[in-house]
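Naming follows writing order (A, B and C), and every chain is counted from residue 1.
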Amino acid sequence: MNRFRPRGVWGFILRRLLLGILVLILVSVLVFLATQALPGDPARAILGRNANPASLAALRHQLHLDRPVADQYLTWVTGLLHGNLGTSLEAQEPVSTLLAPKLVNSAVLVVLAAVLSIPLSIAIGAWAALKREKVFDQSSSNLMLLLAALPEFVVALVLVILFATTVFHVLPAISTVPPGSRPWNNWVALVLPTITLVIAVAPYVSRIMRASMIEVLESDYVEMARLKGLPERTVLIRHALPNALGPVFQVIALNLAYLAGGIIIVEFVFNYSGIGGATAEAVVNHDLPVIQALAMLLAAVYVVVNLLADVATILVTPKLRTRL
Amino acid sequence: MADISRRQLFAGAAGVALTGSLVACGSSGSSSPSTSSTQAAGQPKRGGNFRLGVTGGGAKDIMDGQNIITKPDQARLVTAFETLLLFDENYQLTTNGLAESVTQDTPKQYTIKLRQGIEFQNGKTMTADDVVYSLQRIGTKANGLTGYAATATMDIAGIKKLDTYTVRLPLKTPDATVPQTLGSYTFTIVPTGYKAYPAPQNGTGAYKLKSFSPGQQSVHERNPNYWRSGQPYFDTVTIIDFSSPTAQVNGLLGGQIDAMTDVPAGQVKVLQGQNVGVLVSKTGGWLPICMAVDMPPFDDVRVRQAMRLIVDRKGMLEQVNSGYGFIGNDLYAPFDPGYDHSLPQRQQDIAQAKSLLKAAGHANLSVDLHTTDGAAGMVDTATVFANQASAAGVKINVINDPNYYGNQYLKLAFSIDFWGTRAYLNQVQQGSLPNSPYNETHWPPKSGTGSNFVSLYNQALATTDAAKRNQIMQEMQQAEYNAGGYIIPFFGGLIDGYTAKVKGLKPSKGTLNLDSFGHGYRTIWFG
Amino acid sequence: MSQVSDVAIPDAEVALSPVRGASLLRRSLRLWRTRIGVALVGVIVLLAIIGPYVAPYGPSTPVGAPNADPGGKAVLGTDYLGQDVLSRVLYGGGSILVMAVIATALGLIGGAAIGLVAAYSRNALDDVLMRGMDVIMALPSILLALVAVAIVGPRAWVIVAAIALTTAPRVARVARGAAQPVVERDFIAASEAMGVPRWRILSGELLPNTLGPLMVEASLRLTYSIGLIAGLAYLGLSPNVNGANWGTMIKQNQLVLVVQPWGAVAPIIAIALLTMGTGLIGDGIARTAAGIDRARGEE
């Protein structure tokens, strides 16, 4: 925002877009080079016990492993842009077919977590700001702080211990989604993973909300609105809240991106069939195409989400932050 | 026809000339249900979807009637495919399979008589043509099936159909173990022209493949036309891949699955406390620590002997398998009648181990031990052995490689592997000969004790007299006992779990989990 | 995570003397939360350091049947291999702590340097550096660590390097954000006019004034690093899988929670207390800094 040049909002969007594309290109090069450096022979890893020199050579040729690196990179990138994410070495099937249902599963989980956590944390943050330094504020702040410090898998396992295996036995400890079925067919299994993700994200959003709300409540224009004699309710809802939401957009976006990393461990703990689990499996199996595809996917999500956040912040703030 | 009780088959009954034969006692030509597993737990009931959770699979899962790579593949194979002969719960061969009889006419020739009236799942009748195709498919090297090595003595090209239900199987060299081979679970009979998934799957088994997502799950539907009347009992069988035993056990406790394979021994208490059944089968499965006899430092027999003396077998059994099983003496095939019980049980002897190592010039040995999560206990065995070895001044660095079976498998000096129950000679053929498919120890050595192993093996195969054959086997075992590359601390058996409503499971000594998966999910039901 | 401190800490108003860092720490200890945090961290760190010397058994010594209940030789029972849970907990913190501290320190130093240089240069270098940081941050930290481990193997230096690499950009952002207002100040221009070399300005003027936010960020990053290293161990990716390690212990004993919970619960408690402690310390420093700044702002 320091670089807000006179070309206006659209100029800003364009520049951020170009930067985003540049970032994605750089990430793609890095990801490709990094996974090229994996030790072990992917052809041998696929053929396993059945490897012999003839079949190895044939498979290597089929996987283009005998072409120069730059060549392989270009093939891969062109493929990406055409929606071809490569073929999994493990499963010998297109990555897109493999990941599509898992992507849906993860999206459901993330959306569910977001839908629950964002209003919750906005509410907590705003209320804490309003009742500043009072009991609710103190206790919620401390609770959020402690929850934020805990690693996600610890939170997940504590929930499992409390509600599934040891203290109570009311919820399932695993959340597998069989192929062909959708996550909402077994919604009970979604409860614990969702709560884990909510706990992972809510503390940050609520703290930002609180800080932002405090700043707004102490600002000139809210003061002005009050002096104008507007009822407190109107002041809060029409003047304070919208302005407080500005930075919150950015944080929400970043936390959605953060969830993209958080699901790796959370899905693992609950055996949830999403791209998080697929990432762990692909890394263990040295499945290059899948690792590359997932890394690019997550990077693209992050860049897009960041862009949207910045744009939203720009749109929200200047319109309202004019002097009254 | 010579009436030989199936239980006497390999019990070393003296002087029986036709020990290579198996004939059904008094059975008619038509189909008859298996009688070896009479249900004790009430009357079998029809219905339900049996959900089995398995680990060890992944996107690499296959469905091939005659091939497996991982345990989920085993679970799936037996839904639809069957063998000529069957092993019963005591690992004794029976003629309750697709064959009425398997007779050894001469040392180099067998005749297989098929049961009549059995149909494949698509309605086609099973005939000798299918048997010929099945054996030839396994015996074709290019197909790369796990059973290929076991066909070494067979004259694959010469297999002939004699009439609609009779097959002649000639051999290249004498081999009395052919019936055992025909009973192993990957030697199934597939229809002529059969190909593995994704081609349509068509077998004689109790369930038809309905859908399959490798690495996730498969669904199998009841075959209404199944030849054993009354079976199977379930409407469907669903086999679900799990990424870890944790998820499996939680699934079992939470009711998402009805049974699971390979319960880690330490979790048995968990299941028992929750009113979930645990099936403990004292099988002959083993997790050897493999030393390559041709790679340093194990090319010195003193080092191998020292390593075998380091193991605290009882402690290992206790730690790795919570005591389930029995200790081993570095020899495999404990249920084979020819197993040499006279060899003294090895005990831990650290002092002797140290002096042997010192004599071999390896007083402070440091070595890498490779393992992977391929079967329950593989990693734990390595861990515990490494701890035990430090008492003898040996530093073992455990390397857990997820790509173990792809990378250096069979080329490592020091590694862990897993095996199921087998008869002695079959096991030798799979793992202890120069041309064996899975010879981790690169046995036999070129010189010294054991260098005549191969000729002993060939003699044993050719010997039809059971007592004489046992003697040869014992000579072979003595060589392995003194100079072999395997450390076999214990036989841990198989531990599986199942919910209270699954009936009909019995402990079994066989190779496959869960009582051979309820004999192909036929002899179990919901009660 | 760093965004929290971006918004929560208002800009420093006045240039203070370089002792600010130490005095900030001292002042923050007046808050009860910082004290509790220090106490928690202290206890756990002590446990991790002297643990191996006071443990009743070695980490791999079998003391009973696997998954035995507490009692007899094993105060907290045994784990999945019959080893003493208490001893393994005492042995299990060292590697996590050492790796987390080193990784965070490296990331801090690197990130602060980059962030300060970027803020100070105010030109194309700033853009290049920060876009570079964006590229690294385009991947979630755990994914970066997983790929690194997949390439080289779960060696200690790989994990440390990967975490340092993901720490640096976030620290850089905070450092830059905190340094930018200071860079605009007159006394910086004055120093430049006087011919003070750039590196001295960076280290002598900019750095001390950004110590507040940096210290808060340091504790946030340390908390996160501990969680990430323990998480990697939980996935099975730690340098010495057979040694005792809290994350690995949780993975190994997760199944028997129903029957013998201590094998997993004890390390969970250890990790939880440690991370909550570092979190409290960070929050204490943040509040103190905000309090100081607010006080100064009103002058």
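Note that in this section a residue touches a chain if its C-beta (ideal position, glycine included) is under 8 Å from a C-beta of that chain, and two chains touch if they have at least 3 such contacts.
Just so you know, these numbers come straight off a predicted model, no measurement behind them.
Engineer: Tell me the chain pair with the top count of C-beta pairs in contact.
Structural biologist: Ranked by contacting C-beta pairs, first place goes to A-C.
Engineer: Could you name the chain whose Cα mean is nearest to the mean of all protein Cα atoms here?
Structural biologist: Here the chain at the core of the arrangement is A.
Engineer: Taking the mean of the C-alpha atoms as each chain's centre, how many Å separate subunit B from subunit C?
Structural biologist: Their C-alpha centroids are separated by 50 Å.
Engineer: Using CA atom averages as chain centres, what separation in Å is found between subunit A and subunit B?
Structural biologist: 46
Engineer: Using mean CA coordinates as chain centres, what's the subunit A-subunit C distance in Å?
Structural biologist: Each chain's C-alpha centroid was found; their separation is 22 Å.
Engineer: Could you check subunit A for residues that touch two or more other chains and list them?
Structural biologist: 165, 268, 284, 286
Engineer: Going by the touch rule set out above, which residues of subunit B reach two or more other chains?
Structural biologist: 246, 253 - these are the residues of subunit B that touch more than one other chain.
Engineer: Name the residues of subunit C that each touch 2 or more other chains.
Structural biologist: Those would be 254, 258.
Engineer: What residues of subunit A sit close enough to touch subunit C in their complex?
Structural biologist: Residue positions touching the partner: 2, 19, 22-24, 26-27, 30-31, 34-35, 37-39, 142, 145-146, 148-154, 157-158, 160-161, 165-166, 204, 207-208, 211-212, 247, 250-251, 254, 257-258, 260-262, 264-265, 268, 279-280, 283-284, 286, 291, 294-295, 298-299, 302-303.
Engineer: Taking the complex as given, what residues does subunit B use to touch subunit C?
Structural biologist: For this pair, the touching residues of subunit B are 245-246, 249, 253, 264-267, 269-270, 273-274, 315, 318-320, 322-323, 380, 383-384, 386-387, 398, 400.
Engineer: Using the touch rule from the top, collect the residues of subunit C that touch subunit A in their complex.
Structural biologist: 1, 3-4, 7-8, 33, 131, 134-135, 137-143, 146-152, 180, 223, 226-228, 230-231, 234-235, 250, 254, 257-258, 261, 264-265, 268, 271-272, 275-276, 278-280, 283
Engineer: If you look only at subunit B, which of its residues touch subunit A in the complex?
Structural biologist: For subunit B paired with subunit A, touching residues are 58-60, 69, 144, 211, 213-217, 238, 240, 242-244, 246-247, 250-251, 253-254, 256, 402-403, 405-407, 409, 437-438.
Engineer: Can you tell me which positions in subunit A touch subunit B when the two form their complex?
Structural biologist: Interface residues on subunit A, with respect to subunit B: 40-41, 44-51, 88, 90-91, 93, 98, 164-165, 172-174, 176, 178-180, 268, 271, 273, 277, 281, 284-286.
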